[in-house]
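Look for chain A in each of the two complexes below; its partner is chain B in the first and chain C in the second.
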Partner chain A sequence: MFKNYIKLAWRVLSRKKFFTFIMLFGISFTLMILMLITAYMQAEFGSRAPMKNQDDMVVLEYITLQRVNYDTIAVVDTLFENGVAVYDTTYDYKSAGRSMNRSYFNPDLLIDNFRDLKTVKETTIFSTNSLFDVFVNNSKIQIQVNHCDERFWDVFNFEFIEGRPFDLSEVEQQAHVAVIAKKLAKSYFGMEKGVLGKTIELDGKNYEVIGLVEDPTSSPDPIITDMFVPYTHQVSRSNSDYLGSFAMVLLANGRMEKTKNEILFAAENISLDKQSHFNELIVSPKTYHEMYAQNLYYNEDPEKSLSFVSWLLFGLISLFALLPILNLINLNVSRIMDRSSEIGVRKAFGATKNEILTQFVFENIIQTLIGGLLGFVLAFLAIYFINDSKILGSIVLEIDLVFFFYSFIICIFFGVLSGLLPAFKMSKLQIVNALKTNQL
Partner chain B sequence: MIKHIFKMIWNKRGSNALILIEIFLAFLVLFAALSYVIYNVRMLSNPKGYETEDKWVVYLDGLSSRDSLDVLTMKNTLYRELMDLENVEQVAFAQSFTPFSGNRSIKNGDAMGFEIRSLLAFADKDFADALDMNVIDGRWFQEEDLNGTYPAMVANQSFMDEFFVGKDMIDSIIDFRGEHRLIGIIDAYRYLGEFTEDDPLAFYQIARHEPYADNVVLSMRKGTPTAYEETVTKLVASVTKSTSSLINNLDKVRKNDSRDTWIPLIALLSICGFLCINIALGMFGMLWYNINKRKGEIGLRRAIGAHSSDISKQFIFEIMVLTFIAVGLGIFFAIQVPLFKIGPLEPINMYWSIVISTLIMLLLVTLCAFNPSRQASKLHPAIALRED
Partner chain C sequence: MIHLKNVNKVYRTKTIETTALNDINLSIEKGEFVSIMGPSGCGKSTLLNVIGLLDEPTSGEVTVAGEQLKNYSSKTTAKFRNEKLGFIFQSFHLIPDLSVIDNVELPLLYRKVGAKERKELSAQALESVGLRNRMDHFPSQLSGGQKQRVAIARAIVGNPAILLADEPTGNLDSQMGNEVMDILMKLNQENKTTIVMVTHDENMAKKTNRLLRLYDGSQVA
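And then the complex of A and B:
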């Protein structure tokens, strides 16, 4: 029976070329874009190395020190009571001006206060804002250096092509060792392997390469740097007891909410004695997804940022998908009338309503699958183009099983949704009406 | 006529409702996307306030930890030696608020009796010249200003528009971060990026030798090759005795920086373009089909004396009425956003977006309806009637 349906679907497709073109065009482009979005989401949030732990990550990015000057403000209001002026004075105790300073953290502050929390299994600190100009063969390479501790390699699971990460003793002894990313090996040494033991000179110091890692395929700041060295090399790391250039990533071993609260509680206990100019210290722990959303749409409360961005994204994507579906439904509704005589005959020979319904939905699914196949080819080409031109920076889109799975689901969903209404309408058709108007 | 058209629409309310929803949703998507696009295009068309071509910035490192006298002599030597380079035309020193540096400083103050909230920037007397900034009123800092009774400040036009509307403040004292004499107004200084708002901003003068003036702006001769960066870096390294300085070509940084906005913009525009084509094709196919199915009706009307233009007018009118209802509904919902100031964009962008989306929708529908209805009007009554 299904073989017959497939045959029929093919016949219908090849009968009216123009409509087939319209339909396939709509389906394939829509599915292509949905597939690209899926690939992007997969790259950014698909828990690929080195971001495998991203769902447990709580990030401490900025510390805000502020001085709020409180003042008693008297407001005098003149009221008339029985024709006599009465003065009503209200006092309001509120903030009258503030000055604040927002920055990354001092590393010692992070280690002293947030390293040994109960709900946290691992923490790492790092600073990514060191850039160095290096000239190789008359061309400039700008090297972004990540100063991190040895635990960085446990929190982020980099794939080592060769060599090893640095360890605690090397961090403590300020050893001149470095782990470099493949892209730096390519641009600096001109090779993708066998760079262990070579040295890179930064700021007059020679760093020995002890490890080579695969380039990450997503975009978070700490992992896309070119070179990783022990954080004890960061010279400007302690210009204040609170501010500095470091951020911290904590891996929660339970619920994120608990960890966040514990961090906030720990932050409350930090004394501000060493910096009497300020009277308030604010940290804002956020999850990886919240941080991502905050970069797109800034709100002081990271949770609000996340909900705003996700609702906006959800709304736009569903609107975007809904339109082609509606378009398809509209087309199908008008086209399916063409086949009323066929349905009339089938019904006259005893086909049930459900059978007709199945046939049309099935036909539609076949059509969307063909469109989906075309869309897949288009998406494949687009992904190749996007990766090749590096439009998305460090993000590399990949086609994997999960991607296939999601794409297939999208296709089926699309097919059922756009075929159901017209098919339902058709299946309700009365035999007499179906047979009456049209010649066979 | 209108009544008749409404009747025709009502008779086919089922499929017409679907068309209506489609136009309505397409309008909303267009509205949202175009608001964002219009916002960015308007940002881009505003003056940046400085040039980036052949402008380089060298970031010096670790000056604050050095002896101040040492920094003073070093800075003077650096200035002299850089100026001696044949490709360097102007050298200026500034604190870290150079274009695209990503740093910013904001200050609130109410010393003048009202709240002033402004971005701050600090630069020396050569800065405006080095970046080709436009001083539209008064003048930029000079050497003597450092010894004046009041220290000097320069504000941007947006600062004046926001806090001193319609007042000639040149040579007046403004009490913001202490009392300063306003000596000039620049048109803009959007140093955070090409697509950012031109927020109120005040420039304060700093001397070249201050340790925190660690950004060196170089105006290069036209067409200086990138390889020349190495010469500059070597010179800086030999004068500062440190190799940790950085050099950036502002034009390259600008292109990199604006890519972050251009890519989503282009992606959004192409998605919208595709949606429009998709909807137009679908609409065209549907109308063509529906009109073909109404051959009987057309034949009858022609037979009792309707002109062919009447026929096409009727079909175009029908779809137009439908479009107006859908777009009207769309405008009703869309206009709530700017009216209630929801979302991060300024209302003017959304009003423009509504106007343009409406025009696009009308154009699209007219284009789709034109061909099928003309075909219908060309039908010969005899042929049209034979069908049924």
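And then the complex of A and C:
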């Protein structure tokens, strides 16, 4: 029986080529897009080195210093009592203007105030990436340099190909040592291994390579750099007691809200210099995911940014999945209606309702399976070309087999459902009416 | 073999009520070849559908092969149709996506007959209608007469006791029509298959054992 169904499904697919093309395109393209989105999400938010700790990360990116000027504001109300005007004056003490300065942090401020919080298991400070021009074989290349502390390597778990990270004493002694990414080893030394002990000249100083790490496959700024050196080399690391060029990542031990509150409490205890122009200091701790969302859609409240971006993404994915599913249902309805006289003949010769249902559902499963496999091949090819062309920069996409499995199940579910509804309707059709609808 | 008692069939819509069969009483014995004639719309096909359990009468009793299938489940009716009845339609109703042999073995498929036996029986049925050499063709590759012979092979492959033919020669030229009629007569004479045939053709009807005439849903002869 099933062999017969397979044969029939194959014949139906090959007879109605345009229908088959539309249907398979719908299934496979949807599956491919869903897999690409998931691969992107996995690259950015999956548990991959060096971002394995991202779910525990709280980021202190900016500090805002502001001066709020308060004025006494007098409001005069005019009242009438027995036809006589009476003046009622109220006084209020309100903010009447402000000036602010927003920047990265002074590293010492971060270390002194946020390093030893109770709910935090590790912290690191690092500078925003600086660009340096270097010359290799008379041609100029640009190197991104991250100035970081020795704890950076505990927070971001890079995979070392060879060598080691720098340690506390090397940071304190401003040792001229560097950890470099594989891409720099390739472009600077022309090799992907065996670079330990070699030197890179940066701003007139030679840095010895003591470690070589795999290129990260996701996009956060501090990790997609070419070269890491002790932060004590950063000459412009602070331009006041508060402002500078550093950010901090804290590992919150899973209790993000507590850590955020502890950071805010610690920030309240930072006393501003009396000589300072500013009278308020604001820090805004956010989770890594909130920071990511804020970069896509800015809202002062990072939680709102994350919520908005999450719903937007969910909506887009749903819409993208829903449209082909509706299309599939529509196609299946017309296809099955078109075969109503076949249903009539089958019933006349003894097919039961269940046998008719089984036949059409089986056909749909076969068609959906073919579409799903095509989708997998398309996704595989698309990921290969995206990675090869580096359209997404440092992000490297990978096929997520677990997600593919679930997408496939969902595809089959909707494939079956889209065939089941019209087949169920048609299986209930009176034989005489089914035979009348069209001629085979 | 077939007994109809006070059978009525009325089609109702919101505005119109049409009587397709009006108090039909009929007995057809085993091995009879009966033809039904009458003008278009007189209820010939409706009568055949009622006998073939493809349609239910509005009232009256229908007994086929000793079974009165009123109020039976659709599954039981389907099984009964599969084992006892064979159908031949004016427009053949072959499934275009299936080869000739796959079309012929359709009734056996729903009888859960094994693949090998299905093939053998279908080949025999095709042999009996002279189309064994066309078993791997598809319906679109056949002439009208050949299609109808395939339809006959499909109807007889399960060796049913009763064959119901709705204008089997209606879409064929006279030569092909005669060929099809010869096959039906041979089946009736050699296998003692009971055949009920609706036709517009007096010449074809004359070849059968008995002729029933319908007019406006009533039996007039």
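One rule holds in what follows: the second predicted complex is superposed on the first by the 334 of 440 C-alpha atoms of A that agree within 3 Å, B and C clash if a C-alpha of one lies under 4 Å from a C-alpha of the other, contacts with A are read in each partner's own complex, and residues count from 1 in each chain.
In this text, a residue touches a chain if its C-beta (ideal position, glycine included) is under 8 Å from a C-beta of that chain, and two chains touch if they have at least 3 such contacts.
Worth saying up front: this structure is predicted, and the values here are computed from it rather than measured.
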Touched partner set for A:A266, first chain B, second chain C, both or neither: neither
Contacts of A:T352 with chain B and chain C, given as first, second, both or neither: second
Partner with the higher number of touched chain A residues, chain C or chain B: B
Touched partner set for A:S341, first chain B, second chain C, both or neither: second
Which of chain B and chain C A:N4 touches, first, second, both or neither: second
First (chain B), second (chain C), both or neither touched by A:V68: neither
Footprint overlap on chain A, where chain B in one structure and chain C in the other make contact: none
Residues of chain C touching chain A in the complex: 49, 52, 54-55, 74-75, 78-79, 81-83, 87, 89, 91-98, 102, 106-107, 109-112, 115, 139, 154
Chain C-touching residues of chain A, taken from the complex the two chains share: 1, 3-4, 7-8, 11-12, 15, 341-342, 344-353, 355, 430-432, 435, 439-440
Touching residues on chain A, where the partner in the complex is chain B: 18-19, 22, 25-26, 29-30, 33, 97-99, 131-133, 135, 138-140, 142, 202-204, 235-236, 239, 297, 316, 319-320, 322-324, 326-331, 333-335, 337, 391-392, 437
Residue numbers on chain B that touch chain A, as the complex places them: 15, 18-19, 21-22, 25-26, 28-29, 32, 62, 64, 107-110, 226-227, 229-230, 233, 242-247, 259, 263, 271, 274-275, 277-279, 281-286, 289-290, 293, 344, 388
